[in-house]
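Below: a set of structures, written as structure tokens.
Next come two complexes, and both contain chain A; in the first it sits with chain B, in the second with chain C.
Presenting the complex of A and B:
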């Protein structure tokens, strides 16, 4: 019974049902190459979703991470080209740190001025994007200029299969990075005091303050981690698509927030889990992917994502009210 | 005089030029149950915050075990064994009972990691120590109020408490839950832990405490063993007995009895109140009292159209009306000033004018556009008539004192040409001076405007002074209708005591 009441179980059930439904309409869904490509599409959204999950649990919201991701990615690659550096670990570290620094700005305003996170992150998002395009540049960096080490790294497969017609396809190793980060986030949320402090803050900020949590530490940690994950995901993304586009990720915040809310995190704070978020990400990616396969127009995809946000939020609001009663 | 565990000596605390506490003294002896009594706004919560280190006093001394504690922080207060159970319990509704209980231990040990097995063990011990049944894995938000309070008490006990301060602990409890709470409190006392009850409920104070300190307007006005006090005396100290009031006399006009302004016949709200019949004639002020949960507020809400599924009849000036929405109630001439005017009745950041006109906009804008001149005229007239102390009607209501805020609410209803005025706790949180003025205003409204007033209050003195009749309610029924002659503070208090 306890298992049935958990939101993760419900989400997993809905996911399975949706998979069966989509598989019936389009049997190609169950083919291994489609599943591999689905999982590949999970990586970037999933990593960003981990950051958004943390922010949502603490009772905040973050719409700035796509801007941070694109800025960290573009600046890092510009820097690599300028220095003629071709590597993987240092650039990823640099992008992560850049994201972290951006996140610290969010944390500063949220903590110091007790501002509403939505407004803060809207503002930083606009500033970072504007700065990037105005000062750093607007030109795309294509495959011919992209650092080869990044592309080679992002191309690594865990398994690869050769089809009858001689073409090969594989499951990207980036999935392992995603799973690793998700596991790390799960451990942080569940087994560290800083993780529990995020839940406490999201549950009742006043009580958290009275209990003696260092909320400055908690808030900075939350927004820094969200920024760092975004920066990391941004650079990884450019390696995976062989392209650094300074106008990338526009509108991605909606997808990621939709996925996290779909995964059972409460928009009011205090509730949410990594497993649920991963299921939510998978569901969202799968729905969008199926819409593409079914040749649904991109504008209609937006409508579907919007519907998912509203429906999932309404559902979780209803659930929270029922629990409180 | 340092036999106390904690002692406040001549404490002074000023907020933005407003003196919250002045020459406040309080001694709590080890292991005693002490009551700090005072009305809302008397400075009780400031006292709690000073004792728990949340505020630092601007003058005077705080002593623990006879030693002065300058600039005590909340952490130091906890280290010395001072624990506060706030009215909202300060619990995390989204976390389990176990985690709520163990949280402070983990924080106190400055742990970085969360050990769930240890969390459960700590919680189990805390619950066992209190001797109650609690599901450790339940989410706190799913517990009833009494359950949440148990979690808060269990948590307070864990930290080697020497004093537990309970802020209005019985507010949302049923009588039975209050008894359980008192049993637990005596049990805690038996272990040598002092309890400070902060309350304005006299009956409960007299029942549980050994000593009482009464605070009024930021000063200690009385102190002594509970045996020296009775309800009337505490009330007098709390409200400042020097304000004497002439009882309100209503004489029916000569000739045939006038048609009641408000009459209810067999009013029943399923599960809340049953078969209530009452008639209030023009100019009458009828008091309504009873314990929390007696159905008195439900009656008020039904009359204000907020219990659409009521049964029975409601008549205004002899004409039957059906009140299914607040709009219908307002149209019928009923005005309701809710219990918590701050959360239910006023738009605090908005101007006096907007608040006053909130229910009159429909009349002011017959053709979609608001008649600004008339709005201004009406507001100015009301500010003068209600003697609201403000330079301009554009001032936000939250900048007014409690008494002036209450006048704004009254003014709003007068503008709707109300014929029946229902007041729920009309002077809760209002200082003594304003209280008398509000009472005078209410009387004037009844006497000169022919309103029928139903005044619901916990404050027996308030009812006795202002009502020509008092109806007592218990478990959803009217128990007694005391006529003017029978209305004295003693009789009403005595009757109320028999209800449990």
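Presenting the complex of A and C:
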């Protein structure tokens, strides 16, 4: 019975129902290559969602991570081209550290000046994007210039299947990276002091402070990790699409926040789980992809995502108020 | 002794206004020094009075939402949707005479539709926030997406071009030698200032923002007041949409996307407390003027739009830091 009452179970149920529905409307949904490509689309949004989950649990919000992701990605690739360096591990590390440094700025403003995270992250987002496009450059780096090592790394498959007509398709190994990061986040949130302090901060900052949690450490940890995950995901994304576009990820913050809230994280802070977030990400990606399969005009995508945000937040608000009452 | 106290309280109360004025004069002086021949031309200031009202209206709307500790991230979406719905109506009703010569009744109907859009959008926001208890950030983030999405669905992406002449007058005409949108802004700003400082609604909003629990125990109808404030925000956003579509003679789903950040920045810069309870129309007006001078100065100095975005972001963070520094004793 306890299993039935968990919000993850409910989300999984809705997800299965939606899959059956979409599959009935268009059986092509169940084809293995569609499922593989769905999982592939989960990777980048999913990694970013882990960071946003952490921020939402702490009672904050972050709209700057897409800007951080695109800046880390573009600067790293520009740097690789300038140095003539062709590798995987060091660039990913560099992008992650860049994201971490950006995140530290968020953390500094949120902690030091007690400012509403939304306003801080709006500011840092505009600064980072403005700097990138105004100073670094606006031109795309196409496949002919992209570092080959990154592309080769990102096209690794876990399994690959050959179709009857000779074309092959596979499940990208990037899914494993996503799963690994999700597992790490789960362990941190569940079993470490810093993870628990994020929940405490989101539950009640004053109570957390009096209970002896170090809020400065917690806030910096939260925003640094969110930035680092965004930076990592940004570079991985450019490897997966063989392109570095300095105008990428515009409006992505809404998709990711929608996915995390859909996954059962509370909009008031203090609640949320990695498993729920992964289900929420899958749901969002699936709905967006299926709009195309179901031949819904793509102009409706924004409306659908917006409605999902409203519905998911309304449900979350209703659930949490009932619990509080 | 007594007069001294009065002067001191006056300075304290208007401390922020005085600072803003000093900042505006400073910006003016620096820009004049950097490019005297281009910045000081009459044309420059005239063009500012045409662009200023859109941003000013959106910033006042943002300030009203912030009075109760909320925020409205859907203002730009509402503004665009209002302009587009009016544009769609004009295109549907345009007879053989063409859109430009549409009758005064058609234009009035368009105005009603645009303002109605703002009212409905604001009501939706207000109900989501008060009835369903969604936090304002997420509620308006979602509805803003829906409004922009509907605008894309209606237009299919490209801009709706061509508005009646009478409509365009609201955006780029002249009344007594002054820009129509500027006159419109002055009237609306005075009206809002009156509502906020002299009516029950305004006082209620300030009290709710200062201390929600105390306001509740004092018997204030919190839900209704917050709902009204978001309705007002929505209507102001749609007026901005009317002015914008009148000035550019077009309406598009992604016009003015950078206005969102600027509206938040101006609201905070103009002395509004994002946590609620404090904010004045006068502060907003001076802050908009300061930023418009700054932005026109940068444009004259040939800064790219991206760099200006960077500067807005940096400015916002700087203002936060300064405000925190000023309030550190509390």
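One rule holds for everything that comes next: the second predicted complex is superposed on the first by the 324 of 325 C-alpha atoms of A that agree within 3 Å, B and C clash if a C-alpha of one lies under 4 Å from a C-alpha of the other, contacts with A are read in each partner's own complex, and residues count from 1 in each chain.
One rule holds in what follows: a residue touches a chain if its C-beta (ideal position, glycine included) is under 8 Å from a C-beta of that chain, and two chains touch if they have at least 3 such contacts.
Note that the structure is a prediction, hence the values are computed from the model and not measured.
Applying the stated contact rule after C-alpha superposition, one finds that A:310 touches chain C and leaves chain B untouched. Once the two complexes are laid over each other on the shared chain, residue contacts for A:77 go to neither chain B nor chain C. When the two structures are aligned on the shared chain, A:212 is found in touch with chain B, with no touch to chain C.
Of the two partner chains, neither chain B nor chain C is touched by A:260.
More chain A residues lie in contact with C than with the other chain of the pair chain B and chain C. When both complexes are overlaid on chain A, the residue A:112 reaches chain C alone and has no touch with chain B. In the superposition on chain A, A:196 makes contact with chain B only, while chain C stays out of contact range.
When the two structures are aligned on the shared chain, A:45 is found in touch with neither chain B nor chain C. Shared interface residues of chain A (contacting chain B in one complex, chain C in the other): none. Those residues of chain A that touch chain B in the complex are listed here as 190-196, 199-200, 202-204, 206-208, 210-213, 266, 269-271, 323-324. By the touch criterion given at the top, residues 61, 109, 112-116, 118-120, 122-135, 138, 254, 257-258, 261, 267-268, 297, 299-307, 309-310, 313-314, 317-318, 321 of chain A touch chain C in their complex. Only residues 71, 128, 132-135, 137-139, 141-150, 152-153, 156-157, 260-261, 264-265, 268, 274-275, 303-314, 316-317, 320-321, 323-324 of chain C touch chain A when the two sit together in their complex.
Chain B contributes residues 74-75, 86, 88, 90-95, 99, 103-104, 106-108, 111-116, 139, 141-142 to its touches with chain A in the complex.
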